[in-house]
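Letters A, B, C and D name the chains as they come in the text, with residue numbers starting at 1 for each one.
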Amino acid sequence: MIRRSLTLFAGLFVLILVIGWAMGLPFTSSRLVEAAAYSLIALGLNIQWGYGGLFNFGIMGFLMLGGFAVTFISYPVNPQFWGSDGPWMLGRALIAFAAGALLVYGARQSDKIGIKGGWKTFVTVLAWFVAYCVYRSQIDPAAAYIEANAGFVGGLGGHPVLGWLFGGVLAAVIAFIVGKIALGLRTDYLAIATIGISEIIRALIKNMDWLTRGTLTVSPIPWPTPLPQAYQASGSDQFSSLLLARGGFLLLALAVLGIAIWLISRAYAGPWGRMMRSIRDNHIAAASMGKNVTARQLEIFVFGSVLMGIGGAMLVSFTQIFDPSSYQPINHTFLIWVMIIVGGAGNNWGAVFGAILIWLVWVVSEPLAKVIFDFVSYWSTNVGWGAIPEIESRSAQMRVFVLGLVITIALRYAPKGLIPEVVRRDA
Amino acid sequence: MAFSPKNAPQERFCAKSAVSKLTHASPYAHMPQNSPEYEPRVNGIRNGTDLVSSDLVIDVRNVSKRFGGLTAVNNCSLSVRRGSVTGLIGPNGAGKSTLFNIVAGNIVPDEGAVIFDGNDVTGLKPHQLFRTGMLRTFQIAHEFSNMTALENLMMVPGDQPGEYLGNAWFRPGLARSRETEVRKKALDVIDFLKLGHVRNELAGNLSGGQKKLLELGRTMMVDAKVVLLDEVAAGVNKTLLNDLASNIERMNTELGYTFFVIEHDMDLIGRLCDPVIVMAQGEKIAEGSMEEIRANPQIVEAYFGTPVEVA
Amino acid sequence: MALLELKHVVGGYGGAPILNGVNMAIEQSDIGVIVGPNGAGKSTTLKAIFGLLKVTGGTIEFLGESIANSLPDKLVPRGLSFVPQEKNVFTSMSVEENLEMGAFTRKDDFSETMQWVYEMFPVLAEKRRQPAGELSGGQRQMVAMGRALMSKPKLLMLDEPSAGLSPRYVIEIFETIVRVNQEGVGILMVEQNARQALAFASKGFVLAQGQNRFTGTGQELIADPEVAKSFLGG
Amino acid sequence: MTELIFFINQVVISGAVLGCIYALGAVGITLVFGILRFAHFAHSELMTSGAFFAFLLAALFASWGIVTPIPLGFVVLPIAMVMSAIFALGIDKGFYAPLRKRGAKPVILLIASIGVTLMVQGLIRLFFGAGSYSFFETETKDVFRVDLAWLGSTRPLVITEPQLLMIIVTVVSVLALHFFLTRSRLGKAMRAMADNADLAQVSGINTALVVRVTWIVAGALACMAGTMLALDVTLKPDLAFNIIIPIFAAAIVGGLGQAYGAIAGGLLIGFAESLAVFNWTMVLRPLNGVLPEWAQLPATLSFVPTEYKLTVAFVILVVVLLVRPTGIFKGASS
């Protein structure tokens, strides 16, 4: 098993060298930083699906939360907003929100004062409606005012690493709420529910212009490590300063990844992992053996989502732009699933391997498809069938097909992944 | 021996033979018998230690459960005496398994209450019942199929420090020392069950009988007040079954475990259980020793069956 | 030539075999009853005959032709029919639709057979439009038997037809089974109510650990002290 | 009265159109779930590919100079439906059947259907690029305006020809489906297998045949839904991928496995979405004359801003799952 893993990783290393040789070092170094972030995200899904058997199809939503978090923390402070009535109006909206929440909570407790059955339902629905109206009455003008006078709220000017951490925290909070609502559902319902939740998160982030600038995008978001410009200023040439800067970012990303792997492995190797696997295998028996299945599933869902949030924040930090409309279920949910299925659910190294491999396949399939198309086009022109039209845009679509092909082949011929889960045998 | 409870309370030491037989008011009546001190509905009362004589460790009161149009358990009342091995028999579909699932918290009854050790535990979740000291096995083995036999046992003990992320990350010593204990105990149990040769095998690959043994082994991993055994003999070979039975007897007489057993194997019931409760159509129809049950023509008809007159 | 003949049948669900050499022979005039402890392979035998699990050894012949590992959609038209123990009606479909499903493999007009079934179970005629899921346990068992009879089988196999029924219904179901047999349908059934069923069985088979332990007429088996002691509960 | 007609135009008609499309999509999903017990995610791609089949056929017909009184999309629909049915059968044979044979869990089939989604979408994009197409490049989209001045309305009732045809076609196919499921032998066999697959097999029903019929029906209905969606708006490679959530919501709200539930769920979600984003100010404007200065209605007054239309389906889904987990009609529990 170990030999197989080492061989596969060695192969991966060779693949990276080949890509580096063919595509150049700047391209490859960028892809490697992204691969590190995707590894972290894949580990998050591995925890949820591989360890916990939970079906999360809403990864995109958690990545967006992470992206928003790092933007909010690390983007420079917007004096126009803080100097206007905006904070005050937002405060009022916040109070309205709290009041609404209190109202709904009160309605849900209304049976204590003798309102029962249908009446309680009626009161609760009415409370929801009133709370919604109260909140909208405050937030709508506040949003309009901020958008008109200050553009958007802006950032807090904090360190990007703080933003990564906040990404994890934000993802944890949302995952907790989502888990409370949805984790009791059957697998297929859970899949649909999590997709729906991620779509709601996307709709909110995309349209809350006052908070996120929506489709107008926010950039440049600062790096946690020195930017290439900083190296250039201190006298390095363009090429090496680019590499130095990316190398620095990569080191930081790898450090985060390393810490994550260390923490996960430590927990998973012991009783915690055993308990989680028992819940995944047979939650009825696990409950009868005293494990609090609901709480533990929530725990693992939150844990996994935290890694997704941090990974999503890293990606946005690296590209320096937060563009809500660039998030797509294919690129940000299904891609991660393919990584896990191909790499091997339930095995951390499998998840990392799958993440790096699939990310490279994903980014390389476009130029590769272009080369193939060019070749075929050249040949077909010579034969007299004419050239392939619009090669550029067609090659860009090729990777979606390749992704689908890879996952179906993996399910058929290596259903447990390339580095499958290891059975923990006692010596 | 692997099963010495650390702080076995003396009052639990209560062998079958040592307890004088309860007088069963009218064991063969078709109506459920409610002793006078029972109130018909006690839902919602918790920790009412006064409700029950401490002699009864499980006390099921007027429980009903319907699935759609089918009434699986119908106003059923029965009890299990502390320290006894109580058998539950009845024809297929009599509601035994449903009743078991209600007692174990896997099914919430429509009506009635389950009193466990003096507390109303109706509606408690299985993992909460585990903490009160009630353990169960399943009729169809519920093994953790992708874990080894040893892991199947090691996961059982509650409150393992290593099951909490904080301890697993920052206090590995604490987790490790408990882990060693748990492992030792699991190995003892595995040896006792003669499963040593398959301890590293995935539980999903074991034979039906071995899975059953593993289930029994899980109940040995902790010190339980009551163990519910759901058809533990099915698929277990005779020799092993003998070991199993003597083990159950020993756990009962020496360590004071109480057992509540559903079983189709009449030999095993006859050997282990006193009293035996007979259920039919969701109700308790009789209770008594195996000899008494066998001697009753009505029960023999309902359960063992009598020849039909055919033209 | 027997209607159905099993010789040294070995089979299981892929893992260790559950059947380790089962022998049986049933004529069209027979009522065969299989008894034995849980896990002895009683239901498994019926499933093996009906192609629902893999037969790896021995032969199963129906009307002289090998039918081992044939699927039900090939067996039903040949004259075999099976009533499973649980979930044996289509709960969301009406009684009449349930019966129609039993006649799915028939291309000819089956209204006469349906009439015959309704005569045998008059209560079903009353409830023909009602969803089968709303019926009581005993009535469901009748629907299940009716469904199986709609294909005009030569041999009807029943898996614990009396399971979960009150004693009154048990007797009724057994009487119906005898009546079906008198109409010329061979019966092979698994029963927990062993003594009761063996009383009217022309052939009895006691299975244990996937093998025949005793074979004889029902009366012989009941009279055998060893069978009575080990398998009939004293 | 003008306001009422406005309401009908904005909510009733557009809700009905959306509801029909959701319903036809959800029926396919629910049938596949009932028979094969897995959530078929790639249904969106059956819809999109079906629409492209219809589009290609319509273009072919147009190039032959065939002119029809109704939009070509509807004329070629039957042929496109046959092609889609064959396509669906092919997908099952190529990707799902081998997994089923191995005894894979429904979750694995669900993931496989994601793979199929990606492949089909990749192929469509490969051939058609990422742009959008219209059925009405050569034809005109007829718009019927029913003048209702005699009712005192200053606005006409507006419905386009495709919308009208769409509603008619949906009603006809739902009726046909109803008769197929309740009267035909195969339809009954499908219901039987959805009810209890093991018993269906024991009864001698050829379950492999039922699976094939299911794919044929699901593929054909998906093609119909996709084509009608493309006729109503425009044809894009991600045409149905964007509405798969409301369609799943419709199937779940109706109770997975219940064909009639899916239709009800589809209509419910379609109307709910239209109603949620409806701007009440348009209807309530006469009140502005009565209300004092400070309480004038704002320019837009809707339950949900238009940007959040998609979330409506999901909120309904969550509420239904929490209140009645098996859907409005009791769904299958796998």
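What we mean here is this: a residue touches a chain if its C-beta (ideal position, glycine included) is under 8 Å from a C-beta of that chain, and two chains touch if they have at least 3 such contacts.
All values reported here derive from a predicted model rather than from experimental measurement.
Walk from chain C over to chain D along touching chains and report the minimum step count.
The distance in steps between these two chains is 1.
Farthest chain from chain D, going by mean C-alpha coordinates, please.
So the farthest one, by centre of C-alpha atoms, is B.
Between chain A and chain C, what distance separates the C-alpha centroids? Give it in angstrom.
It comes to 56 Å between the two C-alpha centres.
Distance-wise, how many Å sit between the C-alpha centres of chain A and chain B, to the nearest whole number?
The separation of the two C-alpha centroids amounts to 46 Å.
Rounded to the nearest whole Å, what is the centre-to-centre distance of chain B and chain C, using the mean of the C-alpha atoms as each centre?
Result: the chain centres lie 33 Å from each other.
Distance-wise, how many Å sit between the C-alpha centres of chain B and chain D, to the nearest whole number?
Here the centre of chain D sits 51 Å away from the centre of chain B.
Chain contact topology under the given definition, line, ring, star, complete or other?
Contact map by chain: ring.
If I apply the definition of touch given earlier, which pairs of chains qualify?
Going through each pair of chains, those in contact are A-B, A-D, B-C, C-D.
Inside the complex, what are the residues of chain D that reach chain A?
Listed in rising order, the residues of chain D that touch chain A are 33, 38-39, 95, 98-99, 102, 104, 106-108, 110-112, 114-123, 125-126, 129-130, 245, 248-249, 252, 256, 305, 307-308, 310-311, 313-314, 317-318, 321-322, 325, 333-334.
In the complex, go through chain A and note every residue touching chain D.
Counting only chain A, the residues touching chain D are 55, 181-182, 185-189, 191-193, 195-197, 199-200, 203-204, 206-207, 330, 334, 337-338, 341, 390, 393-394, 397-408, 411-412, 415.
For the complex, which residues does chain C have touching chain D?
Per the stated touch rule, the residues are 50, 52, 71-73, 75-77, 82, 84, 87-93, 97, 100-102, 104-105, 147, 151.
In their shared complex, at which residues does chain D touch chain C?
Residues in contact with chain C: 185, 188-189, 191-192, 195-196, 198-207.
Which of the residues in chain B come into contact with chain C in the complex?
Going by the criterion above, the answer is residues 68-70, 91-94, 205, 207-208, 231, 233-235, 237, 264-266, 280-281, 294, 301-302, 304-308, 310.
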